[in-house]
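I've put the structures underneath this note.
Paired with subunit B in one complex and with subunit C in the other, subunit A is shared by the two complexes that follow.
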Partner chain A sequence: MATADELAEAYGDWRGRCNANPRLAKMLRGWDRTVHLVTSDTGEGYTLSVAGSVLGELRSGLVGAPDLVVTATSEDFTDLFWGDLNPSEKYLNGEIVLAGSSEDVMRLDAMSMVAFLDQ
Partner chain B sequence: MGLRTAVSTSTGLAFAALQYLAAAGLVAYVAGDSAWISIGVAGLLALLAWGFFGELNGMFPTAAAIRRYMGQAMDDRVALSITFTYLTTIVLVVAADAFIVGAALTHVLHVPAGLTTLWTLVLLGLAVGSNLRGVKVAGWVQDVATTLVLTVTAVVSVVALARSGTPLHTPLQPFHHRSGTDFVESVALGIFLYSAFEWVTTNAEEVRDPRHIHRAMFLAVCILFAVCAVMTTAMSHLLDHGQLTSPYPQLPLGERAFGGTGVWLMTAITAITAVNTFNGGFVTASRFLYATAREGSLPPVLARLNDRAVPWVPVVALGVASFSVAVVVEVVGGSEWQVLVAMGAALEAMIYAVAAFCVLRLRGRLADHHRPFRVPLVRVLAVLGIVVFGFLGVVASVSVSNRFDPVPLVIILVLGAASGVYTVRVVPRLRAAELERRAAVRPRRRPPSGGRGPGTDAVAGPGPAP
Partner chain C sequence: MVVVGAGYAGLSAARNLVDAGLDVVVLEARGRVGGRVWSETTRAGALVDHGGQWIGPGQHHLQGWADDLGVTTFPTFGDGANVEIREGRRHLFTGLVPTSDREGSADAVAALLELDLLAHEVAPGEPWTHPDAIALDRRTLGDWVVSEVGSAAARAMITTATLGVFGAEPCELSLLYALAYAHGGGSMSALLRTAGGAQERRFHGGAQQMAVRVAEALGDRVVLDAPVSSVRHGPGRVSVTADRVTPDGHRRPWRVDADRVVVAIPPATQGRIAFDPPLPGRRDQLVQRSPMGSVTKIHAVYERPFWRDEGLSGQVVADTGALRLVFDDSPDDASHGVLMGFLAGHEDRILDGSGTAGRAAVALAELAAAFGPVAGSPIEVVEQHWSAEPFTRGGPVACLGPGVLTGCGPALREPVGPVHWAGTETATAWSGYIDGAISSGLRAADEVTAALGRPVRQGA
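For the complex of A and B:
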């Protein structure tokens, strides 16, 4: 089980990578969304938002109406943000659960992939 | 996504332009004026399949459901092989729709037949281009398009029947000048008229209420029965053999209802069905290939994204594969599209049988799993599903134009064998190479921390490489 601080630290690293990636800036053009993250093991909620191709800070709590809801363990979220976990594999195994449009899911997965692989 | 859009998605995915040819083929070769009875029996069987998919979708409400439930119910390699083979249905339907719309345009414009290839290329090029640009048909557009297609098809059929002025010949005699084998073949073909209604389960994460998917599939099967029944009755009563065996039987049906205007009307409707098919087919198949490549079961090149976050390699590959199949059908000529119908019917029956098997197997393996919907009398109905759909799949795969023809079966076996060999020989190597490469070049980034629980230091899955 990851602590809130660990998760926030991992997110901060991922956010820096995403916002520094020019290719992701192109990919996220026009994709302004609110994403809720729900940790299934600790029962906590977080909110992240993308506006103007920029990934905002992680807010504690479920703020606003989400376009996409991602549910996973705090461990998986933390590993995902550090780039130590393949979210697609976890998704296909049912360990990451999504609720939202397929287009939004693709963009989020693109963020997790391009930030580390730049494919 | 609300219930209305879920219904239109389920119905729209099933009602491709190929359905007109499948319905006409059913009338021409096996069922005659009583075709609607075969369609009704096939519809009841589709409702059986609805029960299976309903239970499985309730257990795994995700776009990746087919991987989840098949992976849980059987060996993962077998599951992957079946899934790859099943995916070819999408290529077949997209190819057939492009060809049918192209052939219809050639017919109404009175231009040389060779131009059909050009129309097909243009249509698939537009579909690939719009997909690469990330254009997706909005839910309300899909609602309107599907409603228009089904309503116009039903109205044209009813008006054409009303204007004929003659009563039906044998509407209640499915065995009139037919054998029991003919009837079984017509039911097997009838399965194809409902094929792909279950693809809406890939939208499980988009619906406002999880129950919408289950209800939508049921309503879609009912709507498809009503429209296909009236359409085949009209075709049977009004079209001659040459018209029924042409690549555009819906056009003369339109002519019988509204004259020249009806021909153009049905041409437009045929083109609209292609929009639904291309939209659903390309998005569903390309995203599945992308996710499977991300998982490590397909070459990594299939996970490459363009600047609009679209997996461009799968989209282009699907376009090329569909165009190739369409050209082969056109070059071979005659009524070879009936091979596509037979293959589609056989693959659909196969996946229904697999769904029945998964339901039965998971009742034992995942007995405590939450099931919002449960198939009643599961031991009886699931075994019935496996036997009936398995049998109909075999019948469909060796029946082309009411004669024995093993070509569809041979193609399916070749595709299945290729998928099997790929899964057994190539996938393990792909996964091992990826793990090795990542382990070699990519140390774990997450810093060690005392706050983490025991047993969490190992990387849970192959992480992305730098």
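For the complex of A and C:
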């Protein structure tokens, strides 16, 4: 189990890497979305926004109507953001669940894989 | 009614026409039903699917047949590490994409997303209505890969994926056709996946058994060993002639007269039927321009799935060589170990002259490179070389090149007088898959019942 501070720190690192990645900037072009992260073990919620090909800061709480909801354990979120976890393995096992339109799920799925591979 | 072909499309049409109270005769060229879906128990006692074998999320028609007939499924084995053969070297990876060249894989994932976003703009049932249809149909998927995908490694991964999905090289496929095909199954990414994708589950007892059971229910309406040679058609009447095998083993022309005919065989085999009067030009051109993919399915049977002991999933992705994709095709109870590989596209055609033994030797050498020397010594190797199979002429699906969809696509499902068209190539979703075959048969049956003024089934 990861604390909220640990998760936020890992996200901050991931966000910095993602926003500096030209391949991801291209993949995120025109895709402005609100994403809710729900930790299945601690029951906490977080909100992040994508706007203008840039990932925004992580806010505590479920804010606004989400386009996508990602559910995973706090530890899996933290490991994913540190780049220690291959997201596709967790999607395959059903341990990370994405809910949203098929296009949004496809985008986030691809984006998280590229972020993992491009580190 | 006459139905030509007792694959899943023809049987689906026949089943629904019978349910509508119509008299039906199904003429099947082979001595079995199932078409591109054929399960067989090998000499070593392993049940293998020589053709279509999987079911995935969203394939509701096929799932409906399985549920109706009490056929159960099990997950395609995927636990453990996958093998990647890249530039002749062996690497292991977990998850969906190889990690030996992370830059190349990231490039491939980004390219597949681009492709899938484009695909989502194309209506699978009528791709020719896309505002840029002509431009998309002028390019090949290969042109797109060359212009949009930067790294050689990513281009190789997309080529391998294309070979697995279509049995064709990217340069052989219209971009518009590839996009429509991908969208019909959700996305290209979904077509490539086991868990959560088109290869998610397999059938206990093989994928052919549902066709066998539906044919049994249709009884003597299904006539085997009766390849259709001609269809004479006029307003509201058809005469279908088959070269039926007589009890003394000879072939004799056998004519069936009917109000309507549903032709439920691949376009490439429709071209071997003499239509009188000839088909309209656009329909005939469509048939001429719909070649089948080139594929051979090779199964290597072992006493047990020994690779699982080493933490391997049995899946291989290769950028070169004959077998670009390999799966663990062992039965659910692992009573045998079975590795199944696809020879596809150019490699399949190159190895056509090598014969069964030659193809097996190449395949076993590559399996040994992926899984060690034990993989080179199975107790049995069986293959189905679909490219030389006269009643499908290739597989898994027709592969349309540039210009065909925009030029001839609208003729795909349009009846010609009393002649209706079914087959997975005519499906508006999951074209190329068993699910698409079943839905195409339903649609054709609905057309026939509507044309005859019969009530159309609920929910059609």
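Here are a few things to note about the model shown:
Basically, the second predicted complex is superposed on the first by the 116 of 119 C-alpha atoms of A that agree within 3 Å, B and C clash if a C-alpha of one lies under 4 Å from a C-alpha of the other, contacts with A are read in each partner's own complex, and residues count from 1 in each chain.
What we mean here is this: a contact is a pair of C-beta atoms (placed from the backbone, for glycine too) under 8 Å apart; a residue touches a chain by one contact, two chains touch by 3 or more.
None of these values were measured; they are calculated from a predicted model.
When both complexes are overlaid on chain A, the residue A:E44 reaches neither subunit B nor subunit C. Applying the stated contact rule after C-alpha superposition, one finds that A:G100 touches subunit B and leaves subunit C untouched. Subunit A is touched at more residues by one of its partners, and among subunit B and subunit C that partner is B. Once chain A of one complex is fitted onto chain A of the other, the partner contacts of A:M1 are limited to subunit B, with no touch recorded for subunit C. Looking at the shared chain after the overlay, A:D76 reaches subunit B, while subunit C stays out of its contact range. By the touch criterion defined above, A:A10 lies against subunit B but remains apart from subunit C after alignment on the C-alpha atoms of chain A. Residues 23, 26-27, 86, 88-89, 91-94, 102-103, 106-107, 109-110, 113-114, 117, 119 of subunit A lie at the contact with subunit B in one complex and at the contact with subunit C in the other.
Considering their complex, residues 23, 26-27, 86-89, 91-94, 102-103, 106-107, 109-111, 113-114, 117-119 of subunit A touch subunit C. Across the complex, subunit B is touched by residues 1-3, 5-6, 10, 13, 23, 26-27, 75-76, 78-79, 82-86, 88-94, 97-103, 105-107, 109-110, 112-114, 116-117, 119 of subunit A. Chain contact summary for the complex, subunit B toward subunit A: residues 60, 62-64, 67-68, 134, 136, 202-203, 205-206, 283, 287, 290-291, 294-296, 300, 303-305, 307-310, 444-446, 449, 451-453, 456, 459-466. Partner subunit A is touched in their complex by these residues of subunit C: 78, 94-97, 99, 102-103, 105-107, 109-110, 112-113, 116-117, 120, 186-187, 189, 193-196.
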